[in-house]
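Per-chain residue numbering starts at 1, and chain names A, B and C are given in the order in which the chains are listed.
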Amino acid sequence: MSVHVRPTAAPQNIAQPGRGALTISGMRKSYAINGEQRLVLDGIDLAVRPGEFVSIVGASGCGKSTLLRLIVGLEDDYAGEIRLDGERVVTTSLDRGIVFQDHRLFPWMTLEENIELALLNTNVPKTRRAQIVAEHIALVNLTGFEKAYPHQLSGGMAQRAAIARALVTEPKLLLLDEPLGALDALTRVHVQAELQRIWMAQRSTMIMVTHDVEEALYLGDRVIVMAPNPGRIRRIVDVDLPHPRDRASPLLHRLKDEILAELTAAPSEANLVRFPVRES
Amino acid sequence: MPLTLLALWQIACTSGFFPPQVLVPPSGVLSELLALGRSGELQRHVGESLGRLGVGFVIGALVGLAVGAALALSRWTEAALSPLFLGLWQVPVIAFVPMLVMFLGIEERFKITVVAVAAFFPVALATFDAVRGVPRAWLEVSKVYRLTLPQLIRRILIPATIPAILTGLRVAITRAWLVLVAVELLAADSGIGQMMEMGRQLFRIDTVLAGVVVSGLIGFALDAGARAIERRATRWKSA
Amino acid sequence: MSAASSPKSVRIAVGLLAPVLLLAWWQLQATAGDARSLAFAPLGSVGAAFVEQVESGALVFDAVATLSRSLFGLIIGGGIGIALGVATGLSRPLDRLLGPLLHGVRQVPLMGWLPLLGLWIGAGEGSQLVIVCLSAFFPAMLNTHAGVANVETRLLEVGRIYGFTPLQRFRRILLPAAMPMILTGLTQALAFTWIAAIGTEILLGTGGGLGVTLQNAQMQQRMDLILVTILVTAVIGFAVNQLFLALRHHLLRWQPKSL
């Protein structure tokens, strides 16, 4: 990891090519449960462009979390290909960060200690670290809470801190596994807006798993709808709307109704038809 | 691994690596145990020790149950007795021994009293916590269904408090065994502790080791037995 | 009027009732003038004995002797216990190897080792310190083992994400996460070393210390001295325990208040 010049506040264009391009082809994953091999993910094909925000929705058991864990390298042993900028994913790496549903901040460290810990194995000079940490705390609007312990932070604040920690290493790819699932509805709306603002400022490639279809459409450039048993991609929806998004947009609501109807209907064949829809 | 150690121990001794004053082989310990068993001495010592333990434990536990329950059920009793109780609890039981010797001498009465004191505190504390800890919600349910006092005690209070009380009883009996052996080392004419002390004075390592083994086995049996009873009685509880 | 709603002063007065009654009964027994009162020392003589102990320096000497044995046991026995607890917590094979042996040794009543140690290294300071160390060893090891073995996987995964080396994982995740349990073990160990120090002093009767004084006082039939020493034992034991709890509270200040 090299020291990067911090991006300015104004949103940049889509980031440099070859920086955060994820390709998954023909990926399959099985688990051995009680001696039997159970197929959890089957035939996953996906190409994520650098700087894109991709949302993934699906019912429970469709393998969304497993997919993220495989991409970040916490699970291995898969068939097929997962490549980041051409390199095969085998184990964890500072190139790929992740935010979990539980913030997983270390309870015995303060906020800034938690975030600085992410820089431990980078080659960022020690003298620069405090400043980078402060910048990221400001990015998630938590200035003033540097010396707080995690138990003193609210759920929303702790998640923002987790996001800051994940971003401080400037990963090519940031994964988010139901990051707002543990928050109450009001906080969720607030943090969604924060996430959108941060992404617009940083333009890292982000892949977010959520069970909230509205959230997926609000944040994502594309929404991947998955089906369970075994987990596979049902269809991919392009959301061709400019950022920052308007929650009240009729297009968003139409897409949401369509996707929800599909998710709550009887399971059908895998269907990779893309629906580019333009706002009229 | 323990078996390998035993084997090594046996070899080290029989090969003369350890002189008999320092260590005696497991076979020596075993033969001493058998000899003591044949002569009836082992049974006598074990019997005396366990007898004191039994009587003292029952007395201490009963008093502990009563005091613990009283403290928990009546706030006035708690206000009146808890300073004294907590103050006495700061003193290690063994520190009371010289005082008790002055009052009671070193006969059976004394040893049983020490065991009772040792058993008293864990049981009293556990009973207090158990009775205080009965969830208010359960008491309210009993009010709604208008249970009588005996029904309340039998169907709610006793099952609710048994798990914690059993744990307290287990801690009490293991602690009482520890204290009893210590006291028998100090002043007794029979018992496992005394057997070991006598062995030490006669430079009989085999006797001492035999005592160590027997006291360890009894300690283990007491603890394992108590845990088994705890498990059976709390089957209804989730982990 | 229920106890919970009475003013604090009333509750304090009631709390003093029992000790005061006890003292009054005691004084009565001591001055009764029959054979039994030999064992009861008048309260006045207890006070005099206290002054005597303080002035002769014996009080401080005894307290320091017992405390230093206790702390020695805590540091050495507790230290070895923590080290072995970490080792067995991290290495399942090591745990299977050493576990049965250590658990077997643990079953023997602590003082039961005294005769054996007496034959091996004599009935003096050495045996005493071994027993005190042993008393700290087991709670330290058991609690450390539990703490280390139960560190949450989800926290360890964070370490994997950020590329922690095994040493970093140990120092920055395992140890802090296990610290609450380790401190619980040390709190127990402290109490046990205190008990073991006094117990061995009573049993061996040499080398100075609160237990030795208790034993000597009993042999001289001096109940007043016994009572003074018991009181001092309780106060010091309580104070040291409170100090340790304060230390623990400071080290674990990151914990939410409910714990």
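Here is the rule we use: contacts are C-beta pairs under 8 Å (C-beta built on N, C-alpha and C of every residue); 3 or more make two chains touch, one makes a residue touch a chain.
Keep in mind it's a predicted model, so treat the numbers as computed, not measured.
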item	value
Contacts common to subunit B and subunit C (chain labels)	none
Innermost chain, taking as reference the mean of every protein Cα atom displayed	C
Whole-Å separation of chain centres (CA-atom averages), subunit B against subunit C	18
Inter-centroid spacing, subunit B versus subunit A (mean Cα positions, whole Å)	57
Where subunit A and subunit C are represented by their mean Cα positions, the distance between them in whole Å	52
Residues of subunit C whose C-beta touches two or more other chains	none
Of all residues in subunit B, the ones touching two or more other chains	none
Touching residues on subunit C, where the partner in the complex is subunit B	2-4, 11, 14-19, 22, 39, 96-98, 100-101, 104-105, 107-116, 118-120, 123, 194-195, 198-199, 202-203, 210-211, 214-215, 217-218, 221, 223, 226-227, 229-230, 233-235, 237-238
Interfacial residue positions of subunit A with respect to subunit C in the complex	72-74, 92-94, 97-98, 100, 102, 104, 106-109, 117-118, 120-121, 149-151, 169
Complex contacts: residues of subunit C adjacent to subunit A	154-155, 157-158, 160-165, 168, 172-173, 176-177, 179, 253-256
In the complex with subunit C, residue positions of subunit B that touch it	1-2, 5, 21-22, 74-76, 78-84, 87-88, 90-92, 94-99, 101-103, 177-178, 181-182, 185-186, 192-193, 196-197, 199-200, 203, 205, 208-209, 211-212, 215-217, 219-220, 223
